[in-house]
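Each of the next two complexes has chain A plus one other chain: chain B in the first, chain C in the second.
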Partner chain A sequence: MVTLELNQPGKTVLMMGDEAIARGAIEAGVDFCASYPGTPATEIPESLARVADRFNIYAEWSTNEIVAFEAATAASLAGLRAIVAMKQNGVNVCADFLMTVNLAGTNGGLVLVAADDPSAISSSNEQDSRSYARYADLPLLEPADFQEAKDMTKWAFEVSEKLGLPCILRSVTRLSHSRGNVKLGELPEKKRAAKFEGVYISGAFVAAQHAALHQKLEQAREIFEGSRFNFYVGPKKAKFVIVTSGSGWLYSREAVAALGLEGKVGILKMGTTWPLPEKFVVDHLKNVTEILIVEEVDPFLEQNIKILLAEQAKTLGPIEVYGAKSGHLPAYGEMNQDKVTAALASIKGLQPKTRDEKYIEKSREAITCIPLRMPTFCTGCPHRASLWVIKSALKLDGRDGFVTGDIGCYSLGAGPAGYFQLKTIHCMGAGIGLANGFGKLDKFGFNQPVIAVCGDSTFYHAAIPALINARVNNSNVLMVVLDNGGTAMTGFQPHPGSGFDACGRPAPTVEIENICKAIGVEVRVRDPFEVSQAVQDIYDMLQENGPRVMVFRRRCFRIEAKEKLQEKYYVDQTKCIGDDCGCARFCSRVFNCPGIIWDQEAQKAKIDEVVCTGCGVCATLCPRGAIMVRGAAS
Partner chain B sequence: MEAGKSSSDLEQEVFSQDLCTSCGACVNICPYIKVVKDKVAVIEPCGLTEGKCYDFCPRTLTDIAALDRSVFGKTRTDYSLGPYISIEMAQAKDSEVRCRAQYGGVVSALIKYALDTGEISNAVLTRPFDVALMPSSVLAEESSQSLECAGSNYISSATLAKMNEATKQGKDSLGLVGIPCQVMALRKMQSSKHETRAKGVKLVIGLFCTWALSYKGFSEFLREKVDLSKVRRIDIPPPPANIMVVETAAGDARFSLDEVRKFIKPTCGVCYDMTSEFADISVGMVEGIEDWNTLIVRTPAGRKFIDKAKKAGVINAKPLEQTRLEHLKQASSIKKKRAVDAIQKRTNDKKNLLYLRLSAQEKKKYV
Partner chain C sequence: MTLEKDPLNLIIAGVGGQGNILASQIVATAGMKEGLYVTVGETYGASQRGGPVMSHIRFSARAQCGPLIPEGEADIIVGLEPIEALRIIGDFGNPKTRVIVSPRPIYPIWVLSGQAKYPPVEEVLQKLGELVAEVRVVKAIQEGETGLAANVVIVGALAGSGMLPIAVKYFEESIKEIVAPKDLDLNLQAFRKGVELTGRKARALATSKARKNKRGSGR
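Now for the complex of A and B:
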């Protein structure tokens, strides 16, 4: 992270996309950063928090994205520069504020980084957040490489300040999380003092505000017309031009080179995609007869360009447009060079050269050597025990109870790792929200018990209003908070219960059980590793009516194992009787922790000591008591 | 006994048919079958095609004559009460024991004596009113624990699950007090071809039982009437009273038995055994006499033990009058007949008796 602080303008360094964005913010003199973790943009606030003292930045992990955005907006209203970073789902959480702050306006530069996760590599949905810019009439920038990630971020603050509007900077996972060369700029001397003045109200004279917003957007278009982030490369009078933005830029260049089309195909690279700098685009499409539009996820640029082509039909004449609508490129999933090459080759009637004629065949063969691995919980993960407990209690209850899920590591509970317990997964907080509704269906003959699971971080983020709703409407729901002591899935960032802040300093805590008590619901706290007691508790709670909360509290073992030496477990193979046991390999097959393996030679269970974190839950479940602590007397 | 049946079959034929007695025979022999309160469930099918769980269950195929041969070395001639050596009336000599017990205190006194004399090393018992009415199974090591387990609350606990836990720890020379379904399951375990340590149970005292109540239904019902934590004794006085009396620290509550009957476990309706016919010794009430028990001695081991207990002055005994014996036989026969009728109603087939395999003579009497 030293590179973030380097005061050597002109020096080229290797940077992760998120670090480049953070550096851009630093070069813009950013004062305030708020965010919610677990996104392709997580390293932006983490980077800024690390240098918070050095550059006098305030950095926080907020309870959720809308709170982060509102807090950052406050800094802007006080004349400071602020950045807020999130993924596509976070933008949805912000939407309500976004659709009013656009009308009320901002003061100091305010940048919203929307880092989309195409292909939903680590998300519950795939979404193109660029539509929000068009929807909310806000300026949109799309960096295409690491240098632009830094430079455009710095510029975004200026654009925002000029317009008095938040500026949206769209990244994607591949840009945020890969690394490339970045030439550093100057570090500014920060002089801003916070002072609030003026009135920022959305709701008075809304129609007039909306009209003024459209004028600001025209102003943005003017600024974008001269932006150096929009440019053309290729032959002077190309008839075929690729129009691209964001990650599509590098893929397009590679595709053109791969097909040897450098002399025939031009690339119009757009860095400012909303509002479109129409003059700039029209100027570069004169004499062009075919265009291919390359972008990631939705046909956002494609639709805007098509509208422009229709408006400019007299000037430009007929132009054939290839892209998502024509079926040449998908409007879903991550973009890559192969997809662009295939599209270009198909339009041009070329045969793309593959690396090796037998490449596909060879790779298929290689795949058969890879052992089949299902996504699973880490060894020692408390969620495995929690979901086994929930499964057991629901089975004992026998009324076809089910679990409404939520977003977190425990989403894996929908698969074999969590014994297929989660039956619904949507957005954060939706588990308890849905359970709320299920819990009120008794008058329609519904008698299945409903358990809503929710992580600790999710509890603070999005679950509390639904729990209050369950309380006041007396909904029959059991909420199980899987409290592993932090926002574990995303790198263990702190949450309101953690006791430390984004910069690692001690912070006050807000206890989950105290919130539950204040709401007036029955709450119990239990260690899910005490499996049999926990099963009894959940079973008992399932027999009760109204809203109830069980907090399964056990720290994420990845963190626990780092902090202190764990006990070493082993299978005493004189006690394990293998297939004679009658347990049918419960430990390695059903409980299915990756730390327990089947010893083919001995035909008995065995602990993989490299993987085992020593949680000891399997030892309590083995019917022979064959799993032992190393060094302990048997 | 029937080959090739698994936990999935057990689930299908017993649990999902509401036939589970919660005896606990299938619990704690594998990681898949668990019990909470009086609910037993297969958490996950183990995948094996043949399971001890299925074979041990008192509601899977049970050949009465075969079990007779296995336990008594011969088949029964009395089709109402099963094999027995003697039937008499008895009571604990110690009045304190009598006072704490449901009736004559014979069971508590015998267990206390067996533990004191080393006849058995541990006893698997049921402590009533443990937590909010739910009884708990305990492994008693000391004779003083026997009195804590006196009395009944008409809810069954998974006694055999506790026994399985104890035998797994290597405990043998155990005594066990159980209701008829538990005793039947224990004998099925002991005569099974499967590896089991149930043979470590040396003394089986069976209780008379007409039915047990489901915990959930009954506790919710009773919670409306009394403070469950204060319940000390539950009794059903002999007919024609038709009431249940719940004694609590804050006074007694009485209500009609008809209110309670709806909580009777459905499986009790198909139960063929009122007097724990496969026990070493069976003990129950004597209708109309509060502080005496009916004592049925069934096995030679039971006979030997009772003789010693009498000699040691632990219990008093006297003959059971003929009319009372006839009355007992009649009551037991009624239960058998009702069970057969209920089974036929379930199967809708006069020849399909579900789990029961009866001898020709028994069939003649009850089918």
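Now for the complex of A and C:
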């Protein structure tokens, strides 16, 4: 995006939250960025990689989040400014290092962006990563709008440097993936040179280090007391105050306005939520008798405020606290203005302006005719063929075999897109990890074959230790690596097998099959579009014991489509004989690719040329051979 | 400037892969050029694989808005797909809502597998008409054309309709900034085609037709 590079201080531009965070890092003169892709954080490192040359930044896609965090910490230890960004699950992957780097300390500004995904819009879990700040005794910032996303990121580097600690900046999907106004700041001259000095060892005098860490946290509290990111708006002597942080700020402001309570209800907006600037909070709650706490997911702020209220009971007197514990707001799922309005209205005994009941009824009635729209594999996706192959082979085998799943586009294989084949999904690498255990249950009468599916990027990220484990313990598991040539789910970022780096430059590759061979497991490679041979291969491999690996290699069609012209397919209307065929509308109903539709008038299959990407796998599957390439001799 | 209604709430609804995000980015950037606070909340992720995608775009002359439009508060709905436009009404529509919609269906996987039926498009449009103040059907793709830049045709239709207090020139400027140079001509053409479909001439034509019809029914 051009705006990221714009050297026009004071100009207002439209920026995605993630871009604003990246711009904040640029304005702080960031030198180093390492990350693993994950929604909703991906666009932060992606943006920085795009302008890496312009601002002399080193940017990499790392193998996983903990490696990224360690690499970024190295830059900090050498005196540089570094940023690492990840989705909530990535913070868990980092946790081991996080719980030591807090003790050993850092040097140059180091910012960890934890981008949470409330309601798990693109995730396998919902978690509130803010608890990590409290857990690891690290400073925590929560931007509430796009401007703050930029400004607080820039400030986070300064906070980190002052304290000698990583600073955690928490974003959420509705900030990271929303867009809004951002006024640009100055672009700095960068002059830092890397030099490592000193000793950073966690574990030498741990108790003393832990005590020193608590001291640093008190220092952080002092810094936060004067932060401009904490402020109060509303009437001077409000008895009722909303205390909010992050995304809760805009929702709260609109809820107060929607109920016409601007003259009665104040809002205490907190940007620094761990450690809490206690003096600032107490000062603003002195005349208050009731507070409502608005935050996204866990009652993190709520609990910390309640502890403070208990400690300050003599100064503040009794204050009624509403929030998650009182049941006025949920401690799960996304926050929004409607929820805040409803909570505020119920506490205040007001009737919020609601929609006309009759209209709601009428509109809900009108949409009953609308079919559900489940996410599915793209037209041309190799996963559809791979899961079709696995389904067919397991059926042939007949021993009630099943698939353990993992994280990636192919997770959709748990639903109709992948014929409901995936029976477990947890975190990155869990598919092969679980399969390891299933594969050792034979002495308990277990004889179901187990297939662990795993994406290529996931393979490098988290699957290798489990595969080694399967080898040394001789576990009966067939691992199928769905190698589509990139980290597809998050937007085709490269991985160690891709052959290029975050900035698009050529890079060495680490081959999946070479790793398997080195581990000592049997490995085969097959194109899943060669459906019948692939079914035979999987069937054969299911009859063997011990760990085995099949690599289904076919490039993601979206990557492929960027590089070559697609072929045009059509259904030969003389060859397709519709329901007389006996195939039970195989292509549109059973194989289920959205590129093939059922022509109600002709009562035959038809290619939807707008949707079809021309992968041609349906042509190999049609029992009548009715699906043809346009222009090719039949 | 001030807005007649502040904030002005727009939803762009469609299916993953239709270019919803680009469409919302063009509209939002144009709003910013008009000097407004703009907030765009986008729902995507797994949904880019054929699930419903919607963008909430909120314009205000006063302050930055939250990224989600409250229930029942959509002033304008742009449907890149007919049932997705109707689906949005359930949560966000009201009797004053105005709708621009492409009538071309994209079939959900349940429909392809025969477990669900896609309602006749005419019926969907009729239901829309019963629930909102105005429905403008915009045929972005003619028979035989590919769907390339159909999203931008609809953006053009929105710009031409005059429903937003944003000058058409700002939309064009935004397209020039956002779209890659190699795709620029295609997208500008698509945009202008859209503007023509709902622009002043089209509106005049529609009104004169409506008048004729009125006269006709009077006899």
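Please note the rule applied: the second predicted complex is superposed on the first by the 620 of 634 C-alpha atoms of A that agree within 3 Å, B and C clash if a C-alpha of one lies under 4 Å from a C-alpha of the other, contacts with A are read in each partner's own complex, and residues count from 1 in each chain.
Simple rule for what comes next: contacts are C-beta pairs under 8 Å (C-beta built on N, C-alpha and C of every residue); 3 or more make two chains touch, one makes a residue touch a chain.
Worth saying up front: this structure is predicted, and the values here are computed from it rather than measured.
Q: Chain B versus chain C on the shared chain A, clash or fit?
A: fit
Q: Of chain B and chain C, which one touches more of chain A's residues?
A: Chain A has more residues touched by C than by the other partner.
Q: Return first, second, both or neither, reflecting whether A:369 touches chain B, chain C, both chains, or no partner chain.
A: second
Q: After superposition on the shared chain, which partner residues are touched by A:251: those of chain B (first), chain C (second), both, or neither?
A: second
Q: Tell me which partner A:582 touches in the superposition: chain B (first), chain C (second), both or neither.
A: The answer is first: A:582 touches chain B but not chain C.
Q: One more residue to check, A:419. First (chain B), second (chain C), both or neither?
A: So A:419 only meets chain B here.
Q: Which angle, as a multiple of 10 degrees, do chain B and chain C span at the CA centre of chain A?
A: 90
Q: Should A:590 be classified as contacting the first partner (chain B), the second (chain C), both, or neither?
A: In the superposed model, A:590 contacts both chain B and chain C.
Q: Looking at A:397 after the superposition, I want to know if it touches chain B, chain C, both of them or none. Which is it: first, second, both, neither?
A: first
Q: Aligned on chain A, what is the least Cα gap between chain B and chain C? Give it in whole Å.
A: For chain B and chain C in the superposition, the minimum C-alpha gap reads 11 Å.
Q: Do chain B and chain C touch any of the same residues on chain A, and if so, which?
A: 590.
Q: Considering only the defined contacts, which chain C positions touch chain A in the complex?
A: Answer in residue numbers: 15-17, 25, 28-29, 32, 37-47, 49-52, 63-68, 70-72, 83-84, 86-87, 89-90, 93-95, 104, 106-114, 116-119, 123-124, 127, 130-131, 141, 146-147, 177.
Q: Tell me, which parts of chain A touch chain C in their complex?
A: Of all residues in chain A, those touching chain C are 2, 12-14, 39-40, 117, 121-122, 145-147, 173-175, 177-181, 247, 250-251, 253-254, 258, 334, 336-338, 341, 355-356, 359-360, 362-364, 366-367, 369-378, 409, 412, 416-417, 489, 585, 588-590, 592-594, 596-598, 608-611.
Q: Would you tell me which residues of chain B are touching chain A in their complex?
A: Residue list for chain B touching chain A: 15, 28-32, 34-37, 39-44, 46-48, 51-52, 168, 216.
Q: Would you pull the chain A residues touching chain B in the complex into a rising list?
A: 391-393, 395-398, 419, 532, 535-536, 539-540, 543, 582-584, 586, 590-591, 621-623
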